[in-house]
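In the two complexes that follow, subunit A is the common piece, with subunit B as its partner first and subunit C second.
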Partner chain A sequence: MEQILVNGAILSANYALIALGITLIFGIMNVLNFAHGQMFMIGGLIVYTVCVVFKLPYAVGLLAAAVVVGLIGMLLERTLFQRVMRISSREENTMLLAVGTALLLENIALFIFGEKQRGIPPMVSGVYRLGSAFLPANRLLVFAISLALIAAVLLFVNFTRQGRAMRALAQDRTATMLMGADVNRISMLGFGLGAALAGIAGGLLISVSGVNAGIGTAISTKAFIMIMIGGAGVIGGALLGAVALGFAEAIGYALFPGSVTYLLIFTALILFLLIRPQGIMGKPWG
Partner chain B sequence: MATSTEAAGTIGATSPGSRKALIAILPLAILLYAVVPLILRGQPYWLNVMTNAAILSFGSLGVWVTFAIGRVNIAQGAFALLGGYTTAILSTVFGLSFWLCLPLSGVVAALVGTLIGWPLLRLRGIYFAMVTLSLTEAMRLLFLNTVTLHDGGGVLNIPRPAGIDTPLDFYLFAATLLLVGYLAVWRLAGSRIGWVFRSMRQNEELAMSIGINVARYRVFAFAFCSAMGGMAGACFASLQQNIYPATYTVTDSINFMLYCFLGGLDFVLGPIVGTFGLIIAFELLRSIQEYQALLYGALMILVMLFLPNGLLSLPSILGRFWRSSR
Partner chain C sequence: MMEATRRRLLKGAGALAVAGVMAAAVGLGATGAAFAEGKTLKIGQLGVMSGAEASWGLVNKYAAQATADMWNAKGGVDIGGEKYKIEIVSVDDRNDPKLTVSGAERLMGQEGIRYVIGSNTDVTATSIRPIAEKYNAMYFPYASSRSLYTKPAENAVMGMVASYQVAPAILKLLKAERGVQKVAFVARNDSDGLSNRDDAVKAAKDLGLDVVSADATYEANATDFFPVMSNVVATAPDLIFLPASAPSNTPLLMRAARELGYAGLFASDSGQDIKVINEMAGDAGNGLVSIGGASADAIRSEYMDEFIKAYTKVAGEWNDEAGTKVYALEVILATLQATGPAAIDDTNVFKAAIPGFSMKNPFLKEDSKLTFTGEADYGQKRQIGVPLVLTETKDGQFTTLAIGQVD
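Here is the complex of A and B:
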């Protein structure tokens, strides 16, 4: 039982990074980022390249993942999304563009890194015992970094000028513009920050379970589940969704054989959405 | 309400209506029945590609119907899988003929679509997109965990349709299916129901306020779409003679949706143009294997950037350009 709780907590913390990132992008841009899982995957593979191929320290790898994926996000926002949002006649178009970028990123990753499953050796060795549960030091480190980052993002969004501008943008684009915020720059920053979070999450998880170029869609699906549970575009909801999914997964994997867990999660999700279509904290049709 | 629909149907079926239908379908029919077989007669590989494209177009036409009511549907893979398994199990376990399995697969998919769609269609926008995506994954896991005929949930040795032996036969069958599907969706889009769908896409509350039973119409659209997905899945199961839970994944559902979008959501012909365009582009890029997937992805982004309303919007853009340059 303790083991399930420990696993659930670690998973939740990592998933929270993914959910926070996709929520930032959705809140600010109103774009459902289908490429989120691919950004996660690229973050993981960058850490692999830096740490295993170039043999540099893990911290450098994580930083590189955050910077590179963040830049990719900003570039995509500036070159693709802003244009399509301006010229498209249907609101579905940005979602489909996101699907297209997901495909492109996945193919680029396949081209550069191949389709092998990549992992890196644990950064720290050793195992702690927590009651009857085993807690590898490596996972504890991943947990700690995740928590620190979540706290940092919350502080940034709530208390800095830029962060407040992002939240304002999520509420009302026109009003934010009238207040003199540079909307285009804030959108780009927000997209970059969301992407960077996905990249870091991938960089952290590669030391636990490994990453391959085809993992993107599965991760995006998980991100969608989390924001459906919590409510799209709400930061608190994203965290709640992450905790719900993390623990559901940990409990499910302990009780049921392999793929039954997710079948049950999907079934529960659909039933939940019947009762509360907008998620726990979401605004209807937000 | 039913009587008024019927009335519209009978008016549409008079001679100007049928002439219009002929004009809509004739170019496609000539292309599918004459041009393609003439060019590709001796090339079974390309005939196979065209068969695939025709069946996939049939599935995408269904997704187009849900686009028509303003829902982004990423569940077509789930219904293709359902239809495929229906045909697989009916034909291998119960020995039913393919010609019975095909409509039955459509019926089963439509029933399940109605059952699931009724509650889920209350969701809109990204919520509907996300939940249908989850549905695709859930369907895969369902078959993975319930079908025990073969390791990994697969069904093997599905018989080919009786009377269809050569690649050309199969192509002609797929082309016929596509033409029938096109005619049905074209008819639907032009009928009163089509206008109801359009009004729902623009504003569901407004449609409701003028007395349209929105819930019933959207379930009808979703069931129609699911039936087409189920029949497409049934054809593939019989064509490939096997089916696995991983035959249709989220990627396939997304592809069905992309085909519609790239062809153009405002045109009934859109899904067909999009599917054939992408499938043929993918095959042509095969010769530069290493870069195939990469270029394919880049191509798609380019279309979205410069033709955000689909390939079929090109004529109107060129027309505007032509008029403004004169």
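Here is the complex of A and C:
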């Protein structure tokens, strides 16, 4: 039982970083970022390049992942999403754009980094015992960094001027514009922050699970599951969704054959959405 | 705050599917150079070259291209006194049987190609069969399903050693030489993973081994193997067998097990890559017995060294998995040289030549023959007689444990 709890907690913290980024972008831009998993993947590959190819410290790699992926996000928002949202009234156009962006990033990564799985050795070695559970030191470190980053993001969006502007934009775009806020700039910053979080998550998890150029879609799928559980666009909901998925996986893999775990998760998700389609913390009207 | 989230998610899923198909269609394309003069022999390559399993098909593509480059550098391959430049035409099926079918139609129908390397999984390889029979084309899958190679099927030739041939050899060796008694299995939850697992479990039971865990599986898109390995390590096996494990997953599975205190051996019936194992598993990567190719230092020939250089030029870096995929094009070309140009368009001539075909294995240092094999498993010769090379990871290297022959 202790091992299930440890596995669930670690998975939840890792997933929370991914879910936070995608829900920020959805909340601020009203865009379902299908390229979120690819941004995760690029973050991981940047850390790999910095640490393995250039032999620089891990902290430099993580910082580079956050900055580069954040800038990629801002660039995509400014050059693609902002324009499409301005000239198009059909909401599926931004989705198709996001899908196209995902394929573009995936193929660029395949071209630059090749087809192989890339990973870096654990930042710290050793395994702790927590009761009867095993807790590798590297996972504990990733867990701690994830929690610290989640806290930092929550502080930023709740207590800074930019963060409050992002929340205002998520709540009512028109009212925020009427208040004189530069919504284009806030949107770009929000998209960049969401992308940077995906990059950091990839950079953290490359030391645990590695990444390859094709991993993006699987990550995006999990991110969507989390925000559907918690409520799309709601930060608290994303965290709740991450905890729900993390523990569902940990419990499922402990009690059932692997093939049954995701069958149960998807079945439960469908039943849950029949009862509460807006997710746990989402509002019925959107 | 947001509008109609579920509706948007469903729309997005539809958009993703449409864009995926479009991307695969755009991905159709020739990789080889087109030659302006002289005769050209087109060889198809069909497999998964994007997504999580991209490495399987890309290694096929790079290996075929490297072989073609080596022959083209010598002026082409001599068939019936005429030199043919080789052109590789690649199609990415994204591991989706629908795209495999359209890709096979493109290669065998529109392009008129009669020899296709691939695809990479049982499901996609099975979907090629009706197209190959319609155009009487030969294809060389990296898939183990017996029905592909057993009569009345006659157009597929397996390009590798099958899982049900590898697993008994590994288990027998480890039982005899390492005293393995208790085995646990952890499989990918897809048709290849599960069928390989079932074959390996049967082999273990036939050898009298104690199967302590056989139902642990992981999803193809899994990134964290700690939960599934927690259960498996708790059964205290001597050996953890990883059927059909992709090179991207194997080091993570091993690392998770080692972090949980497991000190025993690992085995896999699929090809692996030492660089990936070293990067991702470090010391935890020791003790993996798997199928190897012709690339181990101790066994490879000078020709294999040349191939490694050509492959590195094409792909940017060497991949040990390519050592298991080096044979298909070389054997196709050698068979065509043996039959003469008639077989280029008429595969019945090629089929007729299969039983008597034999060539020196150019990739191994020792003097050994390459033939078609498979009679024991399929009742006909529909498998390239790739040597069964078993390797073990030790101190960041593949060391050769045994070399044998199927059939």
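Here is the rule we go by: the second predicted complex is superposed on the first by the 284 of 286 C-alpha atoms of A that agree within 3 Å, B and C clash if a C-alpha of one lies under 4 Å from a C-alpha of the other, contacts with A are read in each partner's own complex, and residues count from 1 in each chain.
Everything that follows uses one rule, which is that contacts are C-beta pairs under 8 Å (C-beta built on N, C-alpha and C of every residue); 3 or more make two chains touch, one makes a residue touch a chain.
The structure presented is a predicted model; accordingly, all values stated were derived computationally and were not measured.
Enquirer: Judging by the criteria at the top, classify the pair subunit B and subunit C on subunit A as clash or fit.
Expert: Here subunit B and subunit C cannot both sit on subunit A without a clash.
Enquirer: Regarding the shared-chain residue A:267, is it in contact with subunit B (first), subunit C (second), both, or neither?
Expert: first
Enquirer: Which partner does A:89 reach: the first (subunit B), the second (subunit C), both, or neither?
Expert: first
Enquirer: Quick one: is A:71 in contact with subunit B, with subunit C, with both, or with neither? Answer first, second, both or neither.
Expert: Touch status of A:71: no partner.
Enquirer: Quick one: name whichever of subunit B and subunit C touches more residues of subunit A.
Expert: Counting residues of subunit A touched by each partner, the higher count goes to C.
Enquirer: Going by the contact rule set out at the top, does A:212 touch subunit B (first), subunit C (second), both, or neither?
Expert: Second partner only, subunit C.
Enquirer: Looking at the overlay, what does A:114 touch: subunit B (first), subunit C (second), both, or neither?
Expert: second
Enquirer: Touch check for A:101: first (subunit B), second (subunit C), both, or neither?
Expert: In the superposed model, A:101 contacts subunit B only, not subunit C.
Enquirer: In the superposed arrangement, which partner chain does A:9 touch: subunit B (first), subunit C (second), both, or neither?
Expert: Neither partner.
Enquirer: Quick check on the superposed pair: does A:177 touch subunit B, subunit C, both, or neither? Answer first, second, both or neither.
Expert: In the superposition, A:177 touches no partner, neither subunit B nor subunit C.
Enquirer: Looking at the overlay, what does A:80 touch: subunit B (first), subunit C (second), both, or neither?
Expert: first
Enquirer: Which one hits subunit C, of these parts of subunit B: 26-34, 170-178, 188-196 or 242-250?
Expert: 242-250
Enquirer: Going by the contact definition given at the top, which residues of subunit A touch subunit B in one complex and subunit C in the other?
Expert: On subunit A, the residues that contact subunit B in one structure and subunit C in the other are 26, 32, 34, 91-92, 95-96, 99-100, 103, 106-107, 110, 217, 221, 224, 228, 232, 259, 262, 273, 277-278.
Enquirer: Within their complex, state which residues of subunit A touch subunit B.
Expert: 26, 32, 34, 80, 83-84, 87-93, 95-97, 99-101, 103-104, 106-108, 110-111, 217, 221, 224-225, 227-228, 232, 259-260, 262-263, 266-267, 269-270, 273-274, 277-278, 285
Enquirer: So in the complex, which bits of subunit C are touching subunit A?
Expert: Residues 1-6, 8-9, 11-12, 15-16, 18-20, 23, 49-55, 58-59, 189, 215-219, 221-228, 230-231, 247-249, 251-252, 259-261, 273, 275-276, 279-280, 282, 315-317, 319.
Enquirer: Enumerate the contact residues on subunit A facing subunit C in the complex.
Expert: 3-4, 7, 10-11, 14, 26-27, 30, 32, 34, 52, 91-92, 95-96, 98-100, 103, 106-107, 110, 114-122, 127, 134, 136, 139, 170-172, 205, 208-210, 212-215, 217-219, 221, 224, 228, 231-234, 249-250, 253-254, 257-259, 261-262, 273, 277-279, 282-283, 286
Enquirer: Show which residues of subunit B lie in contact with subunit A when the two form their complex.
Expert: Going by the criterion above, the answer is residues 67, 72, 116, 119-120, 122-127, 129-131, 133-135, 137-138, 141-142, 144-145, 249-251, 254, 257-258, 261, 265, 290-291, 293-294, 296-298, 300-301, 304-305, 308-309.
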